[in-house]
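As written, the chain order gives the labels A, B and C, with residue 1 at the start of each chain.
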Amino acid sequence: VESQDGDFSLSVRGTVQQDSDFFIDDNNGNPANTNGDDLNNNFYMRRVRPTFTGTVWKYVDWRIMPDFAMGTTRLFDAYADLRYFRAASLAAGKFKAPVSLERLQSASALTFTERGFPTQLAPNHDIGFMLHGEFDRPGGPETPRSYNLYQFPEFFAYQVGIFDGTVNNGNIDSANNDSKQLEARIFAHPFQSSGFEAVEGLGFGIAGSWGHPNDASTPTYATPGQQTMFRYASAARIDGTQYRVYPQMYWNWGPFGLIGEYAVSQQRVANQTVTNGQVGPRTKNTSQIIENDYAWNITASYVLTGEDNVFQGQGIRPRHAFNPFEGNWGAFQIAARWSDISFSDNVFTNVAKAGSKTPVYAYADPRQAVQNATNWSLGVNWWLNQNVKLMADYSQTSFQGGAGVYNAKGQLTNEVADRETEKAFISRVQVSF
Amino acid sequence: VESQDGDFSLSVRGTVQQDSDFFIDDNNGNPANTNGDDLNNNFYMRRVRPTFTGTVWKYVDWRIMPDFAMGTTRLFDAYADLRYFRAASLAAGKFKAPVSLERLQSASALTFTERGFPTQLAPNHDIGFMLHGEFDRPGGPETPRSYNLYQFPEFFAYQVGIFDGTVNNGNIDSANNDSKQLEARIFAHPFQSSGFEAVEGLGFGIAGSWGHPNDASTPTYATPGQQTMFRYASAARIDGTQYRVYPQMYWNWGPFGLIGEYAVSQQRVANQTVTNGQVGPRTKNTSQIIENDYAWNITASYVLTGEDNVFQGQGIRPRHAFNPFEGNWGAFQIAARWSDISFSDNVFTNVAKAGSKTPVYAYADPRQAVQNATNWSLGVNWWLNQNVKLMADYSQTSFQGGAGVYNAKGQLTNEVADRETEKAFISRVQVSF
Amino acid sequence: VESQDGDFSLSVRGTVQQDSDFFIDDNNGNPANTNGDDLNNNFYMRRVRPTFTGTVWKYVDWRIMPDFAMGTTRLFDAYADLRYFRAASLAAGKFKAPVSLERLQSASALTFTERGFPTQLAPNHDIGFMLHGEFDRPGGPETPRSYNLYQFPEFFAYQVGIFDGTVNNGNIDSANNDSKQLEARIFAHPFQSSGFEAVEGLGFGIAGSWGHPNDASTPTYATPGQQTMFRYASAARIDGTQYRVYPQMYWNWGPFGLIGEYAVSQQRVANQTVTNGQVGPRTKNTSQIIENDYAWNITASYVLTGEDNVFQGQGIRPRHAFNPFEGNWGAFQIAARWSDISFSDNVFTNVAKAGSKTPVYAYADPRQAVQNATNWSLGVNWWLNQNVKLMADYSQTSFQGGAGVYNAKGQLTNEVADRETEKAFISRVQVSF
C-alpha cells in the first residue's frame, strides 16, 4: 500500500513466515542435539518484518526493516540511497552485502525455505557506503526504476562498497576494529532484449570481498534444519587477511528456473591469549592457520502451471489467484537442490603437546564442527496468489565429522564420528506484500 | 486508519498504556520485595503496540504486532489467516491461544488493568496452526465479518489447533521439545437474535488443552500489582502429561456486564539432574509429582452513563466523546472483581532426607511461592471517547504462604509465613485505535 | 505522509542516521581503548526510528517511537497528550524530560552529530505525567498548533511533571524505588512578533529537577566519539537528594544561530554493602559523599546559503532542494562549538585505610573516570533538502585524568594519567521525514 504525493512516497510492507520443522529418524540413542540426534520438531516464526520504504524529493530512497522473529529483534535494513545519477548511486547505511547472489534474492521469493550453503560463507547484512550503477542495453529499452538497492534484471550492474566487514554469515551493528572491508560485484543479463528467447533470462556475474579483520569473533554455521553444525573453539578469532570469491548465475526460461553459485573463502584463524605488558593487557596470537572453505549450490525449479519463473521481487505471480469458488488454483512450482560445503583440514589442527593423550583443538573441534556437509532437497511451492505462498520441502543433509563418541562412563572420547544425517520436512506459510 | 484498494487493505493501529502502581501499607519492616514488602511505586509503560493488520486477495488476513513496553521488545502476534471458508478458516503463526476467555478479550477493552488469575494458568501466545469456524444462527442475520481471529459475538464458534505448547502464562518463540499441544475451544451465544433481550448478550463455552511437555522450563506467576508471587525451584521442570479445562462465560445486558471463568490445570513437575552415560549427558527425573492448580475469576461492571457494555473490540463506545466545550463527558463504568488461585500441596513437598533439619524443596519453596492468593478489586473507568480511557483500580490481594522469616542473625529460618497483603492503587492512561 | 479523517490523523514518520567515526592519532601504544587509545573506526547506525504519531478525537495526541539502532531495540517515546486546554495539557507516558534545552531539539535538527555535555547530566527519557501550557503574546498572532509535546517558538511555555526519575543521561522503563522526581521548565520568546527583528528569534528559560533517588544504579558518560569516559565504581549508588539547574537559551537571527546552556547537578553517591538482619538482607551505606558536577555548551552556526537558521522541527529548510540537473545545491551550514564538563573532586575520594599502599576508590576510580573534559568542534552541514542532510564534523576533546599507567609487568599502577586527547572525524548521512 502506497500513498503518493508528487515526488514523495511511503510504503508500509511486510513479510510473515511461519515455519514447521519435522525431523525424522533422529532418535538413534546418540547424545542429544550435539550430534544431530533428538532434534526438536518445531513451529516457529522464521521472519516477521514490517517494512517501511519510500522516496523523498524524487531522488532519495530509504528503507527501514526490523525483524521480530526467532524470539529476538534485529535490524536488517536501514539505509538511504542517493539516486541522482543512475550510473552512480550512493547508498549509506545497513543493507545486504553485495556478495552472495542467493542472499540478494528477496526472502519472500526463495525457492526453498533456507538458502544454500554458499550464503553462509558470505557477509549477511553489513554497514557502510556503496556506490552502484545500473545500465540499460545500448539501444535497448529503459528498465523501469525500482525501489530496490539491487535490481533484477538489469543489462549490466555494478556495486562497490566499503563496509565494517562482517565475519561469514554475519549481521553486524558496529565495528570491533579499525579495519574495513571492500565488497564488490558485477552482474549482467547480456542477452536481455536480444531476441534469443531461451537466454534472455540468463544473468551471471562475479562478486568478492577483501579485508583484514582484527581479533574478530567467529561465526557459526547451520544446517538447512537450522541446527548448528559448525562452531569454532572459544579462543579462536578471525585475524588477518580475508577474501571471498563468488561466481554466480541464474537462468529463467519461461516456467524453468536455475540458480547456481560457487563460493571460495579464505581467512586466517588465530588462537588468542591475553598478555600483560607495559601497554596494558593486549591479545596475542599463540598460533594461527590459513583456512580455505568452499561451497556451492545449484537449484532448479519448474512452474507446473506455466507462469514465468522469476528471480526478482516477491517471486512468481500466478495468472489466477486461488479462489475455490471460481475454480482457480494459483501456481504450483516444483524444485530440486544440491548444495555442499567443505571446511579446511587445518582448522581442525590438534595443537596439543607431542605425546599428549588428550587432543587440544585451538581452532575448531572436529567433534563439534563438521568437515563437510552435503544437502539435497526437493520442494513443492503453492503460490495461492502473488502474496501468499505455502511451501513444503524435504531436505536431507549428510555430514563428515562433527560428532563425538561417549564411553560407558559418559566421557567424551577422542574419536571423531559423523554427525547424524539430517532428514527434515520443512514447511512454510508465508504472507508477503 | 485504513487504505482500501479493492480486496486489499492495510491498517496501522496502536495501543499505548501508561500505568501507575502505588502500594500502600507496604513498609512493615519485612525483607524487602521478596515477602511483598517495600514494593516500588512505579510509573511504567504497560503496553506499547504498533499494530499492522490487513487483508490480501480478499480471503487472507494477516497481522503483525510487537510490543515495546516493560523495557523489552517482544513479538505478540504474527499470523496469516486463510479465510476461504467461514466454517473452516486456517490460521498459521503466532497468536493468542484459544483457552482462557479473558485472554481473548482485547487488552484495550479490559475492565481492570490486569486480567484475573485464571489467565495465568493458560497459555498466553503460542505458535502453530488453528482451524476455526464461525456460524450464524440458522435463519438469523449474518454477522458482519471482522478482522479478528476471535470474533465476538458469534452464534457458535469453534477453534482447534496444534501448537508448540507453552507452559502456563507462557509466550514462546520456539519449541524446546518434540511434543506438541492440542488446544481447543467452543463458544456460543445461543440467544443471539432470539428476542429474549436479557440473555441475547450471554455467551458461554468451554476450552482446554492437552499435551505432554518434556523438560519444559517452569513459569512464574504474578500478583495484580505485577509482583512475582510464585516461582518454582531452579531444578524443577514441567515434564509429562499436562491438561487444562476452562469453562467460561460472559453476559452483557445493556449497561451491565459480567465475565466469569474457572480454570483447572494439571501438570507433572519433575526434579531433574543430568547424568552421563553411553549416550552422553541426559537429563533424568530424580523425583516427580502431579500438580493440580485451580483458579477462578468473576468480574461485574456497570456503565453509569447508560452505554452498552461490550466484551469485544476496543470496548465501550461513549455516546458522546468528552468535550468540555460542549458539555459532553464520555462514559463512566464502575466494576468489581473477585479472583482466586490455589496451588497443589504436593508442589511444596520437602524432599530432604528423613531427620534433616534443613528442608529441601525440589519443586517450589513455600517461602518463595504462595499456596493461595485471593484478590478483590474495585475500579472506575472513564472512557473519554472510544479511543481514550482512564482507569483507576483499587486491588487487594491476600496470600497463604509465600514468605520467609529471618532470625536475628539475618538467616532464613524454616518457618513459612504469609506474604504481606498487597494493597495497590493502579491507574492507567490508554490510547488505542 | 498523513491520512486525514476529520479530527483524526495518523502519520508514519522516520529517521535514519548512518554515522562514520574516524579517530586520528589514536595509536600511541597505550592500553587499548580504556585510556582512549586504539579507538575503533566505525560505521554504525546512530538512529533508526520509525515513528507513529497522530491525533484522535481532535484533542488527544499520541506518539510511538522505538529505536532499532546501535545493535539494540529501545523505546524512546510512547505517550498520550490530552490537549483539551492549551494552557494546561496533560501528557502521560514516556517522553523527553523537560530539563536540557539541547535534548528537546529534535535529533534530526542537531547542528553537530552529538549533543553537548550538559545533556549528559540531565534525564534523557523519563516516564510519568506532565502538565504543560503554551501562551501567545497578548494581542499577538496565534501560534499554529503542532503535534509536538515541546513547541518552538512559543511566546511563553511551561512544563511541570512528576516522573520515575532517571539518573543522569538515563532512559528508563520502570522505577527501582518509591521516590519520584519533579521536573520543571519555563521558556519564553519575549520579543516574538515585537518588531525588533534581531531579537525576535531569541528564546531563553530555565529548567530543573528535584528528587530523592534511593539505591539507584549509576550512569556512565561518553565522549563526542561515543567512547565511555566516566564510569562509577561497581558498589556506588545514587542515594539521596538530587537536583539539577539548567539556565538555557538560543538565538536565531536570519542565517545565524546560537545555542547556549549551563548545567549544575548535585547528587549524593553512596558506597553500598548488603547486611543481614532480622528484616533479611538490606543495603547499607558504608560511606557517602555529595557530588557537584558542572557542564556548559555553546554552539554557533551560520547558513551560508542564506536560509533561516531554526531550532525547531526537522531543521533548516533549503530554498531549493539539491538537484544537479537544475543547478540547485540545497543549503550549507557551518558551525562551531565549545563544551566542557567537570566532576566533583570528592567523587574520586580514596577510602583505603590509612597507610594502605593500594588506593580504594569507592565512588569512581580516577583511572577510569575523567575529572574534566573540554571539547571543541567544527562542522559543515549540507542540507540537500528538507529531509536529507549530510554532516561532517571535526571534534577534539582533551581530558584531565581518566587513564591508568601500567608497569613493565603489565600491572596497573597507582598513577593517574590524562586520557588521550580524542580527535575524531564524524560524518553522518541522514534521512528524516
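FYI, contacts are C-beta pairs under 8 Å (C-beta built on N, C-alpha and C of every residue); 3 or more make two chains touch, one makes a residue touch a chain.
This is a predicted model, so every value here is computed, not measured.
Chain copies subunit A and subunit C are related through a rotation whose angle, from the C-alpha fit, is 120° to the nearest 5.
Under half of the residue numbers found at the subunit A and subunit B interface occur in both copies, marking it as a different-residue contact. Between subunit A and subunit B, the centres computed from C-alpha atoms are 38 Å apart.
Contact with two or more other chains is made by residues 3, 12, 73 of subunit A. Per the touch definition, subunit C reaches subunit B in the complex via residues 3, 5, 8, 10, 12, 52, 54, 56-57, 59-60, 62, 64, 66, 73, 75, 78-80, 82, 84-85, 92-94, 127-129, 163-164, 172-178, 180, 275-282.
Within the complex, the subunit B residues that touch subunit C are 1, 3, 12, 14, 16, 18, 29-32, 34-35, 40-45, 48, 50, 68-71, 73, 321-324, 384-388, 404, 406-412, 429-431, 433.
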